[in-house]
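Which chain is which? They are A, B, C and D, in the order written, and residues in each are numbered from 1.
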Amino acid sequence: MTQLTRPSTQLTLAGAHTVLHAAMEKADAMGIPMCITIVDTAGHMVAYARMDGAKTMSELSSRAKAETAASSRAQTGSVTPGVDIKLGLVTGGKLTNLNAGVPIEVGGEVIGAVGVGSGTGEEDLEVALAGIAAFQAALTETAPA
Amino acid sequence: MTQLTRPSTQLTLAGAHTVLHAAMEKADAMGIPMCITIVDTAGHMVAYARMDGAKTMSELSSRAKAETAASSRAQTGSVTPGVDIKLGLVTGGKLTNLNAGVPIEVGGEVIGAVGVGSGTGEEDLEVALAGIAAFQAALTETAPA
Amino acid sequence: MTQLTRPSTQLTLAGAHTVLHAAMEKADAMGIPMCITIVDTAGHMVAYARMDGAKTMSELSSRAKAETAASSRAQTGSVTPGVDIKLGLVTGGKLTNLNAGVPIEVGGEVIGAVGVGSGTGEEDLEVALAGIAAFQAALTETAPA
Amino acid sequence: MTQLTRPSTQLTLAGAHTVLHAAMEKADAMGIPMCITIVDTAGHMVAYARMDGAKTMSELSSRAKAETAASSRAQTGSVTPGVDIKLGLVTGGKLTNLNAGVPIEVGGEVIGAVGVGSGTGEEDLEVALAGIAAFQAALTETAPA
């Protein structure tokens, strides 16, 4: 029989902060202040921090990266060049192919994403991945035996 | 221990269509073509129909009604007059106090909402509630014994 | 002689987090999940948190409240009724007269603001003021003797 | 100890006018009417002039140039081709890689920026740099011995 509902998993604010704080720690260690946005699976913002000295406009890029990763359920940066621009245009700039939007996953389900901006695409991605790694480690610790 | 995630229930397209078709049937029976929007708990559109003859702009009102009911987890229409206009302004018109936005609930959790427009507020609400009633009836039928 | 520059004080992320965490603690104690936005003196977002269960759309109201308090250098809510709507319209919804936008001040200079939303205006304001009180207390502790 | 605030320097209107008037003088001397925007470090407009005969749309380009230089704390024009378009999309057109956005600096701190448009990129930049040079000269004159 067709199901009217399906079970899913949501990211909590505590989960978002786990990603955020680890990402900030990494950015601090690299000496590069960043803008970091965490969104839920629907793309709505759960947590945000602009580290002292980060670029003001990176609020917008970090958010678009996070929203894109949540919507596509994939790390940003692999859309065919040219197509990415067209997708950016039809979404009013929400969809971006810039590096450093990374999904937050639990058991194969994407429950949110992190987006990082203010450095180079490589630096941004390193910070985003540090946030994801800390979340996965914390998940293991908090999982029932 | 702080939880990084929490379980939740999502509305499927089949669930959204259950609401939509029942609402359309009601509108047909009343002889009033309607715009009907179904959104998920995050406010993203899952299903939409503009019945033949419905007002074009009612796309916008039906959607705002659904988004408002999903965000506030309550039927639209009970915000204090005056405050509703201010909330409409800060949300770019997304939050509305017009009648006929109704949450879709399962076991006390809001998993989406329906918004209806093109008739009077009373007619719109009657159509929305018909959709909700059909969903609740179908839930009971599909629930495990 | 006319001065080309003037000294000023900026809010750090640590300062913003002091406000944010105290506000969250208050909202937790009240049992009302909130959306909390901290902006700098220019109205740019420095930190944001959506507590679990807060209304999605309160992201927008909490931000507009913070931006308005930073821009006007005054607590929101005292604009003449009617005028507030006109100001909301010309600013594209950025200026709001809703309660619970409160400036962050140091020595009489406004260096940012906090905006809170998802409860009633009175509840929102109580949470905002708890954030401000914690910041002022922390300032005293960190001030040189 | 973590600091809740940090000292900074702000651009005054007198400082902005020093840039603006020198830039206009240069544009006059070149016989090319320009649109000239001065923003503070947050990207908010402090002063603007559209010289008689300048292109109307250059209001937008001069402003985006200034905002970009202020946000990135660097002269516009050096973002990798391709990346610049993506950054333009996610910022709603605010971030631009067009020439002639130049930061206004004091003692190594960016306190604002000037953006110029209506000529070629080279002409625009020449006018912007004339404004900056005049500001630096005036700073030296007004500095305490």
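Note that a residue touches a chain if its C-beta (ideal position, glycine included) is under 8 Å from a C-beta of that chain, and two chains touch if they have at least 3 such contacts.
Bear in mind the structure is a predicted one, so any value in this text is a computation, not a measurement.
A.B. asks: Where the CA atoms of subunit B average out and where those of subunit D average out, how many Å apart are those spots?
C.D. replies: So the centre of subunit B lies 48 Å away from the centre of subunit D.
A.B. asks: Centre to centre, by mean C-alpha position, how many angstrom separate subunit C and subunit D?
C.D. replies: Computed from C-alpha means, the inter-chain centre distance equals 29 Å.
A.B. asks: How far is the middle of subunit A from the middle of subunit C, if each middle is the mean of its Cα atoms, in Å?
C.D. replies: One centre to the other, that is 25 Å.
A.B. asks: Going through subunit C residue by residue, note those that touch at least 2 other chains and give them in order.
C.D. replies: 12, 44, 52, 56
A.B. asks: With chains as vertices and touches as edges, which is it: line, ring, star, complete or other?
C.D. replies: Contact pattern: none of line, ring, star or complete.
A.B. asks: Among all the chains shown, which pairs meet the touch rule set out at the top?
C.D. replies: Chain-chain contacts present: A-B, A-C, A-D, B-C, C-D.
A.B. asks: Looking at the complex, which residues from subunit C come into contact with subunit B?
C.D. replies: Spelled out, the residues of subunit C in touch with subunit B are 52, 55-58, 60-61, 64-65, 81, 84-85, 88-89, 92-93, 96-98, 121.
A.B. asks: What residues on subunit B touch subunit C, complex-wise?
C.D. replies: Subunit B reaches subunit C through residues 6, 42-43, 67-68, 70-73, 82-83, 85-87, 89-92, 94-95.
A.B. asks: Okay, in this complex, where on subunit D does subunit C touch?
C.D. replies: Answer in residue numbers: 1-12, 14-15, 18, 40-44, 106, 111, 135, 138-139, 142.
A.B. asks: Per the contact definition, I'd like the list of subunit C residues that touch subunit A in the complex.
C.D. replies: 12-13, 17, 44-52, 56, 59
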